[in-house]
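Structures given as structure tokens follow.
Both complexes below contain subunit A, partnered by subunit B and then by subunit C.
And now, the complex of A and B:
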């Protein structure tokens, strides 16, 4: 069962990054939109240790607005970044502050 | 000066070898010693892998421009649809080599959205369809800047996108590999698949350029400019 559906707003956990994880610093702690589902994949935390029978999680394509990622973003409001995030790194979007 | 007999610039950094280079050499030599493959097997593989080039990607784009059903299949399942032009992402190793993985997604440019690909963590690239990545694609300079200042980086490549076009950067940080399906340019009406494929150059499928009817990468730029 997937926890998130397309169209859900999700935040990336700002969790510990002691080992291999592939969750970029520029998305950790940020909020975006689930735009696509990816298959269930072995997560990098286990794959890095060649644990082929390790933990498998659904992955998501999350779209972030550039203006939500970078201070003083110099492009346009419409610009975005998409990247793939494992379910364990995602939580429902926190109450949004009004802008 | 003492360079009378030496007109070549010195090769800088030629003696430097990274830890990964050492690791690769060590494992390769052990594998050859153990008989897992021969030195010639290895050479043949590298010759093949390094010679792939972007022509598979160009073919995919040209056919998608001509055949709406093919385009639909390509956008729905890039890995499977690549087989229709003879590219099997699982061949020859079963793990998608010469790419790392076998999840291939094609990103369609529209009048409203311009896609560009990067791997901010390393240098992931859709090698079965585009061959080896250009040097600049692998540099920290491109990787950290295109995700942060995409419009400026595209402008440095000569691509100025108007307001009203969303720039969408795709960071291939996990298992998927991406290729851009650019828009078919004006002036190509009635063209054959071969003619169209010729103008779909590597950079247009990375997303740092757009195809033009009067340009292909097989011609030297000076020849065209005159």
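And now, the complex of A and C:
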């Protein structure tokens, strides 16, 4: 059962990383939009040590606005970047007062 | 269009100005700060957003050894020795000097060898002896 639906706003947890991960540091602690579901798969933190009976999670394609990722972004306001994130890295985005 | 060497030099100087080389020499210090530890444990392949100079793009064909490395690594996966995520993790485990010092497929073949040794499938002595045998066959110097 998936926790997030397409269109949900999600934040990437700013968790400690060690040795190997696939959650880019530039998206950790940032908020984006779920735009696609990807199949369940063994998460990289287990697959990278060949724990074939490890944790399987749904993956999501999350779209971020470039201006939300880079403090001095000089490109267009509408520029975005998408990346794949395992469910365990995501939390619902906190309620925002401005859009 | 590729920047000229002097343009590249100018860009490199600008980037170095933005991200100066750390003055502290890394030589097994007695203690480090938490900030230093955060930098040191940064996972190597997570390069997005790291300041760097532009690199000229070389549109090159794979050499035979590169194609053979690719096939060897796939075969090791089919035989259950590893998977591509284990390979990427093993590349991070090489440490910054080897990770950035080796060509792309040089990293692959190095970690394939390392993984076979780590898993006890070959001994490091067998591997070294084979390298010496091939080196002798090709008449290479020591």
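Going forward, the second predicted complex is superposed on the first by the 96 of 99 C-alpha atoms of A that agree within 3 Å, B and C clash if a C-alpha of one lies under 4 Å from a C-alpha of the other, contacts with A are read in each partner's own complex, and residues count from 1 in each chain.
Simple rule for what comes next: contacts are C-beta pairs under 8 Å (C-beta built on N, C-alpha and C of every residue); 3 or more make two chains touch, one makes a residue touch a chain.
The shown structure was predicted, so the numbers you read here are calculated from the model rather than taken from an experiment.
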> Is the arrangement of subunit B and subunit C around the shared subunit A a clash or a fit after superposition?
Replying inline: clash
>> I'd like to know which partner A:59 touches here: subunit B for first, subunit C for second, both or neither.
In response: first
>> In the overlaid three-chain picture, which partner chain does A:84 touch, first (subunit B) or second (subunit C), both, or neither?
In response: first
>> Once chain A of both complexes is superposed, is A:24 in touch with subunit B (first), subunit C (second), both, or neither?
In response: both
>> Which chain, subunit B or subunit C, ends up touching more residues of subunit A in the combined arrangement?
In response: B
> Which partner does A:39 reach: the first (subunit B), the second (subunit C), both, or neither?
Replying inline: first
> Is A:76 in contact with subunit B, with subunit C, with both, or with neither (first, second, both, neither)?
Replying inline: first
> With the two structures laid over each other on chain A, which partner does A:48 touch: subunit B (first), subunit C (second), both, or neither?
Replying inline: second
> Of all the subunit A residues, which ones make contact with subunit B and with subunit C?
Replying inline: 24, 26, 44, 70
>> Applying the document's contact rule, which stretches of subunit C touch subunit A when the two form their complex?
In response: 41-43, 46, 48-49, 82-83, 85-86, 88-89, 92-93
>> Under the stated contact criterion, what part of subunit A meets subunit B in this complex?
In response: 22-24, 26, 38-39, 41, 44, 59, 63, 66, 70, 74-76, 78-84, 86
>> Touching residues of subunit A toward subunit C in the complex: what are they?
In response: 17-21, 24-26, 44, 47-50, 69-70
> Which residues of subunit B touch subunit A in their complex?
Replying inline: 103, 120-121, 147-152, 163-176
